[in-house]
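Please find the structures below.
Presented sequentially are two complexes of chain A, the first with chain B as partner and the second with chain C.
Now for the complex of A and B:
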């Protein structure tokens, strides 16, 4: 990690000081490296089920309008017998059909947000692509509904059953198949945990082109199935660009052998792309080949205060121009979000004064001196031109993590008071923050926002991946209150639809957003998507009740 | 452009001198900026039709096994009348049905390599997406076959008719629709010429994430339809990552309105990906939204000599590690290719001694001093560690172009003696050059290679985008000789198939490789691709006789 000392000398107008570590973000510094401890950007409308509640309501109760499709038969002892014979290993089948296994099944029925809960009585853990193929073929032939499940760290309820769908858990397919140090091509089983792959690559001077809060538990297969975005997208692009090949199994058992290790291969339709972001609705990904970049040796992080959203945009434009090839993150946090983090953690703020907006900039490159110099020049420019009012630069890796804590700790802190209404949105960058202001105005006008225990809303905050035009609009509440929902729905999604934004930037549709896709996609597009679903899964056994 | 002066001081072991410009690549320095003047990587087996011949053989004669599908009716006066009324403008219809228009139709019937030639009697130039929709719907309803055509700069015969298919030329849809300087999102009509878009972006501090020899004539719609690779892929990735949205028209007239400007949008299957590389077989792309990076202010180019392919790989690995975020090209040329270039141009070679292999490295970044320093360190390392034997660094933009000329001039020079057998291949990097050696050995063993006019083969050369594992294997010949073809076929493709390589890295399938896809794709994959084709184009009117 880089250390910095010359910054304050270079800035005449006002101070850019090294970040203080005393008490800075103490409880938050681990947030980036944990999965289930943080609630990074949980999705959809909180139905009063988040927070400290120990009992998860069944999804079938939360969404009474969803009915079990009677075309799927009940799972019988005969089915279970087949799977036990097929998969062999005792541990590969969790059987709640022939005996009571409620406790063993619970982790596979419920999501980590404790928001969705299914009724599955059977969990299968195939150990090879061939086993996945045989399992799916049998399910398809017998009209048995299935839910593919990776690390179960999704945010929209896509990886747990709604009713008694069979869970096909991929955790036993966890081998790194190969890595080529010259080309940077990594081939893995779908069930390899992201952090394991990243650690493996780290020892070989490379990184996985994706990083996110749940890295300690999420599977790469799940990342690809949900087209996860995360923290490195600004620099390394989306999985549609970095995934070189996919091995997947269709419901009829067909193995899609598209596991190319080649960077270029223009021989026909790029079918693997359909599986990226399909959320397990047309098949199960069993293997992935991905292009991994070299690991940067130098990391710098700076944290700024700015006086308006216009200045945030200017700072972003300058960062892209001046930091260019070393810019690896540009994150936005409004004052409301930082006030709530401070309120919860009581940590010393990174900057002395308060500002309406804050940005976190990360650079990563191969030469720490060069990166420092670029960052210094950039800081000097944005300070002298009144774009940025104040700022600090991390001096070591502890401070890097501390500053990140003020961004990554937001979701956790927002949950402090009770439930949170959370939206993961893509919005044209110029209008991105308007939505937060308008939402806050509406909530305020309705008399819902305040500091007393009677006020349902604690705060309306905006933060997110500015570099990707990805806003997280969050409304922290003290309790479930129908009047809050009335202000938000359908206002937020209609606002997005008018601006051709996306109602799900990076978290997918799952169960949470299935009914809202019309705000981001035309009927023509939805029709074309249904064609694809019907083409690959005519029986509709794959992850039913979700997606489109 | 960067200038360099301290390089020779930094290198103790042997000289890295500034590149001489005297007579260096004089006729070649424009190669990179021309389209039809160069023959960059033409495709497939030369049937004796390249070279200086003025008469292009009809494709129907070159490939007598391809028969016109009788389900497509002849075009009648009534059809022409409909199109004239629909498109209005006189210039939008070139009508060879009701009158003789052979000369006017010729540019649309033949490809620029003079290798493929169709029999179309009707060229339509729609001016809007709605017009494309109406044209296609009418063609689909009347079973009229069509060929979408952009800049007609393709290399595999994909953009010209085989028989009397109607050409739908996109040149009238040539407007830049919008550009957002903050996010870098450009939206264009499909018929915008790549160089026009890149120039427009240049004035705004950005670049198009794709660059290739044909930039002066190729359409962006065609680039996307063929998933063009080109010179910037190493740095900016493939179009599957940088294209944000696509507007396309299906054969039945349906407008696929997936022209998102958002970097993140996880709302359903990413259908636009199917059109990237579909070569006009399932619909016509009418609009594209693409993420454009900032333009780098500093460009450096170095040219090395190396003693073995193992050292080339080491140099590549070091370049990725040390030049990391500024590395923008790593090109390989063998001595055989450089000998032939020298033989044709008589230009002074960049290096004093000759070497078995040469590499061209380009860096581009935001700070010229930093980039120079990184390059200097890298050069020092590869020289001191005996990875590289000798090298030069361009001192100015003229030298940059001159050095590029030794790479980009190869295809043009190879055509000097007559026809060229050309292969565009992806191969796992460790084995990449083995194919060139093995091919040369076989050609030599067959007594076909030599310096006399009697020897059919002038040289067997290998060069290409090392950074993308993309080899161009070229066999320069003095004349068509069946015995050469016998050595090459099916040897090359079988060699590729054994190593899970690609028979078309970046040029696509078109007509040239339709029958060879089985060497790179399994029957399962080909079957799945045919499903997609049938789904979107059940009548088979889109670009028939080609692709899969």
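Now for the complex of A and C:
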């Protein structure tokens, strides 16, 4: 089989990234199931510029209005001594307090987008739930602020410190605790890397109910703490449904042992839900039990061109009706996004002619003949009824990957010109695309959009998880420009608020969206949230300056 | 001659993105429940034949493109794909699931079809990615006594009979010139195969697949080789992780490295 893989490699080289592919953009066709961490996760940052500078600007300089809270004391040698005694192993404490460890601390201070950077001098890597408990209790008693950190692949600056908060990195808690092949229940430490868990499950015929671009580095604990959305949500639902139990540590050291493996458990308040999406503001998740579905053996992908957003909605309705249980993705891409991808990659377009809208449909099931039959019927229907104007169907896995590349390559290609203003929004499906049109009109009217180097904006594009009513509104720019920002904000947030949408569909609040929560939640709701925060973290040491 | 008659043999193989596994009895690679697709090199041959037609690169044009396969009933799927990409009709020599015809057997079948259908040009993939034999095209040329150009990266015509084929060799490109009828085998850089479009997939359903047996063609496809055992290469020995520098030094000492 050695030669087989050689052939495969050669195929990949020639067919997928032709020689003309720009070096600035890595091969578009990143296998959907590969781990290179820049597909899904580059979506959705409020003001992300693709990092090109060598050093990241300190968050405290970018946001001068945020002041260090003086109730938190400076970290002393005595504190460090306690942690070293507690955690034992030399590698469990990165100490920048008693000595200079700037280089070692850098990866824990900066986020991967190179947008946020803190000043921490101390990183702790507890190896067990008990150690997490003792660390937090000590911090709580001494009023030391902490930032829980997983794979540090977040998009809103939630996983890095702002000032000198202690980073509690979960990477040493990386054991798969148990897996029940009958029920599909997986129990893992919080620091297990998503791809490791998915690979482990793959060998056992199961699949993790979450998949995203950063799977090679992100921790399951972090995924749960941020309630990550990703590519499998349409099919398997959100983590609020698939997580069966959580083990977490409260700031006072209390271990919340709710690591249930039960699907049904109506006995009192479902407190584990509080930790899902809490972004480490009320406690640290140390263990998770999650219900994992069977892995599908038959996967089909089709790619359509459509003439209007109305037709896209019709196609989605038909896909749900006719493909029902085998439909696993319905992704929307507008022509502007595809033009920019084509512009950067120069890859051959899947369809001969150009269309205003494109959709990618994926089905996954257990029986390929059954799936093919359903898919063919559906395809015939949408063609004959003029719902789609044109379309192709992947004939093999290579084509599956390259078709996905036209969707997954968008975030990366948009960064090609310099910066991207990104919004990750939930909008009622009927109005989903209106926002893109209105934003484009406004940008055009302001004279900001054009092809010359003087025009700040390259394109206003919309794409996203149609199946989840989740739009990614992206404005690709040549440089960071105040005049563009003025057109966009607060226009976008107000537009969303008017339609009761969400200003952050799947990426959370962190630092980036903290100030905008009011557009999606009422004062009463925010008040209730603050009560919960104060109840579990009365000293406010958990991930301060962020969230709400 | 009134337009080229092109024959394109295709093979259904385990999808190249799938990691093949050996069956428990160690007699073959596990194929049940595994995704199959058209051999990628054969996609190139179909694409090239369709381009010869579309670009009118031969002065007399293309009269007909026939896809051919020898394989189990499910191989009909890839004939449909071939026809969705542009082949006009297909011939299917059906075999039992699990019966693999050796390259010589396939070459004999093809030779019979070439004569029956009065073929002028056979475009094959240079190898199939399952057994990697890379022999069928050459054997067919030998059986027919036709010229052959293997590993083609570009195909062109010169008048009604002349054929120019470029092949990539170490350090450059070799151009060979020959005359129809002939055999060409396709290499990776020959072209970029198209996707099967919805309208063409539907049209392909109405195109004809002719089922014939090896006996109809008067060919004995009995095996001459016997597979004794199929085993996977030994797995890579995984590395170990140490907690700290001291642990690493201790490990290195234990292994006698320092």
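Quick notes
One rule holds for everything that comes next: the second predicted complex is superposed on the first by the 503 of 548 C-alpha atoms of A that agree within 3 Å, B and C clash if a C-alpha of one lies under 4 Å from a C-alpha of the other, contacts with A are read in each partner's own complex, and residues count from 1 in each chain.
We take it that a residue touches a chain if its C-beta (ideal position, glycine included) is under 8 Å from a C-beta of that chain, and two chains touch if they have at least 3 such contacts.
Remember, predicted model here, so these are calculated numbers, not experimental data.
Once the two structures are overlaid, the count of chain A residues touched is higher for B than for its counterpart among chain B and chain C. In the overlay built on the shared chain, the residue A:383 is in contact with chain C alone; chain B does not reach it. Look at A:368: by the touch rule set out above, it reaches chain C but stays clear of chain B. Once the two complexes are laid over each other on the shared chain, residue contacts for A:351 go to chain C alone; chain B is not touched. In the superposition on chain A, contact of A:66 is made with neither chain B nor chain C. By the touch criterion defined above, A:86 reaches neither chain B nor chain C. Legend: residue contacts after superposition of the two complexes on their common chain; A:196 is shown touching neither chain B nor chain C. By the touch criterion stated above, A:176 is placed in contact with neither chain B nor chain C. On the side of chain C, the complex with chain A involves touching residues 15-18, 20, 33, 35, 37-38, 40, 43, 81, 127, 129-130, 132, 188-189, 192-193, 195-199, 201-202, 232-233, 243-246. Those residues of chain A that touch chain C in the shared complex are 1-4, 7-8, 10-11, 14-15, 18, 31, 89-91, 297-299, 302-303, 348, 350-352, 368, 376, 379-380, 383, 388, 390-401, 403.
Contact residues of chain B toward chain A in the complex are 180-184, 205, 226-227, 229, 233, 237-238, 240-242, 254-258, 260-271, 273-274, 276-278, 282, 294, 296, 313, 316-317, 320-326, 365-367, 370, 373-374, 426, 428-430, 465, 468-470, 500-509, 513, 517, 520-522, 524-526, 528-529, 531-533, 535, 547-548.
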